[in-house]
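Two complexes are shown next, each including chain A; its partner changes from chain B in the first to chain C in the second.
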Partner chain A sequence: MAGAAFLSASDITVGYGGGTVLDRLSLKVERGEFVALLGSSGCGKTTLLRTIAGFNRPRSGQISLAGRDITTASPDRRNMAMVFQSYALWPHMSVAQNIGYGLKLRKTPREAIAARVGEIAAMLGLTGLEARKPGQLSGGQRQRVALGRALAVEPDVLLLDEPLSNLDARVRLSLRHEIRALQKRLAITAIHVTHDREEAMVMADRIVILDSGRTAQDGTPEEVYNRPRSAFVAAFMGAENVVALKGAADGERIAIAAGPHNNAAAIARNGRALTSGSFQARFRAEAASLSPVLPSAAIPSSATTGEDALELLGTVRQTSYPGGCWRHVVAVGETEVSVDAARPVEPGTSVILSVPSAALFLFDAPQDGAAAVSHAVAA
Partner chain B sequence: MSALSLGGKDAASQAAGRRLAIDLKWLPRTLVLGLIAFAIFGPLANLLLWTVAERWYFPHTLPLEYGFTYWAKVFSPRGVAWESLATSIVVALLTVICSLALAIPAGYALGRLKLPARSLILLVFLIPQAFPNLPVYVNIARFFYDVGLNGTIAGVVLVHVTHGLVFAVWIATASFAAVDAELEEAARSMGAGAFRAFFDVTLPLALPGLMASGIFVFLESLDEFTGSFFVGAPDISTLPLLLYTAGAGGNYQVASITALLLLVPSIAFMLVVERFLRADVLARIGH
Partner chain C sequence: MRDRSIGLLLALPAIATIALLYLMPLMASATGAFATEAGFGIGNFVKTYELYTTDILYTLVIVSLSTVIIAALAVAIAGYLTLGENPAAVEVLRWLYRWPLFIPFIVVGQVLRTFLAKNGLMNNLLVAAGILTPLQTMSFLDWRGIVIAFVWKQTPFVTLLLAGAMAALDRGTIEAARNLGASRLRILFEIVVPQVRTTLFVAMVLSFVTMMSVLSVPLMISAQSPTMITADISFRINAYGDYGVANALGMISLAMTMAVAVFYLRQNLKEKAR
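Right after this comes the complex of A and B.
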């Protein structure tokens, strides 16, 4: 247990009935850290949170908090506070009673409770609403009360189960920053479950991406965004464009062979784990640059070798303006990719797409094709 | 000019005809409603008349003499009504306490159960209601003789509890199922033990339904006749038993006054229940 993290879950397996939801999953959270559990629905992120909270008992594995084994402790003996997706505010209690409930359980004197409730209400902009019942509040206000209720008891770990998913887009954006600022100011250890990539990126110190009960990648937002370790993570982090390539990994360089729709390229390995053969290339719409070519030049040739950039040849199929930049659907052979550009290119134009090495994610081609990964993300 | 006035007259007569047609269309409905009202309130009116009738016999449509001498007789210090009323209320209250003591844990457990199992168990609770009452009660009475429960308050309460428990468990289950499990989990997460969370969150939220359940059991017990008759009579006399004795003895005034006494709490509680038991709670019974 040397150098054990503040909160650690090691090798926990959780299942309902016959199925397994979490499969020997481990998670470490340092004191004061904000960790986001990111994944599509059914990946086990909420189950993991509920297991940490004590509502699910793992079949095997161990959970410890500040060096204390809490694997079998009941939820009320963990000093964690959970904020539910449904807020779970008690409708028969006023806002003040909801926020002060945890303190009342801890036998805090009445005046101290009132003072703390007032302080929390002021901090969350709920002043003046203390006497209201949850039914008389807006969604954003309810969310703040749920948060205030959890913060009032100064928990060791704050557990947030998709707390923003039921709110309007605008309220959600402002609450994101509010929660993050509050967490930093109060130095709370927090675990945040979400399926919203941007939310996780903006709020968390560290993102743990879960895929069917296992950790797909664990790193800072910058790491998981720019150095996805698997095709799943790349797809989840927005690199939805997929192109199949062939090439050879040799030492520090990766040589991509010229194909029917791509030029040969030499890419620095840069820590990519690849074996020679078929590759799957993934990149984001905004990562590629797009330039029209003369019809005569649109023949793939091994003579031109892209240095630290992959060049793809395609035809623009569709052009639209979603705001900020022009989005093009470009056919590269059988597959279609989307590419953003500052200026529109007419549909039907032959183009060269250039993806710089830093934004190009290369993986060994999966045995059963790329379709399975795309489906997993869409689900 | 004349054509105009002619046309006007024509229109007026047409309008009158239309009004008549509408009136005729309403006639059958009015009749049906009147008959229904008579079917419902006729016996009640008759009952009310009997409670204040001093003398009333066959060829006369209305009582010959009105007065409250029978009320005085029924409620005289040595009259049977007071005793029966007290017995009835004691039995009903004890029945409510016993039923809720069983229905609250049972309803909580069932309310937190997953759907198919819950429906099945609730259905099993209904099965005793499918049997004819009489043979069941005769057998209960025989058994109670053996164990010495016949003719005791405890025996009558026990019979009423078996009868009222079905309602109590059904309504309690629906009330607990209507309380989101996450609300309780939130309390646990804030540091409340299982019992504390139940008493602070789940119970208060299920209380309206539980009160309705208690009222139903109370009314059922107040009205119960067959079981009380076989197990209680003649030692225990509840209001329905008094009503039966009076009615069988041709004493319609006493029977009517007793019936009225039974009617008052029923109506009063029905109004209360109607306020407590909201449709969204009732809808949870099958869910």
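Right after this comes the complex of A and C.
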């Protein structure tokens, strides 16, 4: 075992029946770190969490916690506490009994349990609700109780299985920050499963993006957002506009050839892994700037070469106002892209879209299944 | 207004059926319980009290005891089906436990009569195994035989309802407890059973009422005195043509099941009020 991460899963393979859900996946989590497992449904993120919790047994691979091999340990021998998407509160017990149950199992004296329950309730804003049953609480309060129940036993690792996805948007936003603040204050190690990109970005120290049972990328929110390593990650992180380009990668420069709908451009390589030939360019709606051109100027010319920016030529198809800025659907040849602009541009106008190098994600064009990648985007 | 009368008209056949086939015989039986040769009076109940007090208590004890044992076994079996970790064992149990459901009470009585008798199969096996000597063997064909027959026949029914309710629980509530370190036994009694207690009550009440009405088992296993109310009713009618006392016994039997039903309804209301 290389390294001494607090929690480490190495090469774990998990399957149900004949299928494989996790394929030789590895994950390391440091003490006190908040890691988000992000992915669309069916990517294996919940399976990974449940395997760490001990509810699934891996077919192969090893899981260790603080240097101890816990691969085959039962869920109750791992000192981890899980918060479930469905809250999974015990309906026949009061809030105080729910929070105190883990301590009762540990044979903590009654007075100590009462003190700890009071402390947790105060910390989570549940004071005064201790005698209520879960059925008499709101969704947000229920999830707080579930969180309190997990925190009461002071677990080594807190496992959060989409804890916010059943809540109203507003409650969700405030709980995000509460959970994060609490995690920092208690310096607790947490693994959070979510399919919500923004939630992962806001809450986590590190994001692990999963794609069909494998790690697609593992990095800080800033890294995965600005330097996606694959088209899948770029799409998942919101770069949903796709344009096909041709060009050559040469040393530190990438030369993009002029096409029917784009000007030639010279882009700094900046660590992009590319081979010459066909590229797939991805960018976010807010990353491009949009400027109308006179009809006569809308002919591609190899004379103009964009420096560190890609210029695309297109026609505005649709304009709408989702709030904050105007969103335009722009046809660039066969494909349509979304572009935000401060001022609306009339449909039918020919425009130049300029995507700065820093916001332009270039990948080698997939041999096949390009459509599959561009659609593999969740929420 | 017209719609309402049409609705009433549509329900009329059902109401008439209930009135004719259920309410009228019940009323006839109730009034019959008070009809004596000397006219309307409580003579039948006095006679019943003199002759059958022991049998009434005997019935109450047997059926109550059976209900408690059935509930305990059903919780154990349904609990294992829900929490068991050996898939093969769970599968075998799931397949086996329902069999008695499909066997009629009379056959259960007959099977157990040959099994539990002093020279029956059970004692023969115990003797052959060297656990008992032939002199130590005894017949179980008394109240114990009836309890065994009832438990044998009714446990699958209660288990069926209970296992269904347990399977419908949010697995998360079980996993959360397991995750915090609860043993399976604690999960069963502190997490699972409290959540299905209403189903358990219903199943116990239904089972109690069913057992109160079984005639074949007491007749097959232990028809001598003391015996169960059903056997007494049958005896009063077939041996003496004494419908009065039979009806009185029937009313007492009804009162016992009603008491259980009221207890159940109250429990249900309390649950809803919470």
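A few notes on this one:
We take it that the second predicted complex is superposed on the first by the 373 of 379 C-alpha atoms of A that agree within 3 Å, B and C clash if a C-alpha of one lies under 4 Å from a C-alpha of the other, contacts with A are read in each partner's own complex, and residues count from 1 in each chain.
FYI, contacts are C-beta pairs under 8 Å (C-beta built on N, C-alpha and C of every residue); 3 or more make two chains touch, one makes a residue touch a chain.
These numbers come from a predicted model, not from an experiment.
When both complexes are superposed on chain A, chain B and chain C clash. By the touch criterion stated above, A:K133 is placed in contact with chain C alone, chain B being left untouched. Of the two partner chains, chain B and chain C are each touched by A:P91.
Touch criterion met: A:L105 reaches chain B and chain C at once.
Within the superposed three-chain model, A:M82 lies in touch with chain B and with chain C [touch as defined at top]. Put simply, chain A uses residues 53-55, 74-76, 80-82, 84, 86, 88-92, 101-102, 105-106, 149, 153 to touch chain B in one complex and chain C in the other. Residues 53-55, 74-76, 79-82, 84, 86, 88-92, 101-102, 105-106, 149-150, 153, 159 of chain A touch chain B in their complex. By the touch criterion stated above, chain B contacts chain A in their complex at residues 180, 182-183, 185-194, 196-197, 200-201, 204-205. By the touch criterion given at the top, residues 170, 172-173, 175-183, 186, 190-191, 194-195, 274 of chain C touch chain A in their complex.
Residue ranges on chain A touching chain C, taken from their complex, read 53-55, 74-77, 80-82, 84-92, 101-102, 105-106, 133, 146, 149, 153.
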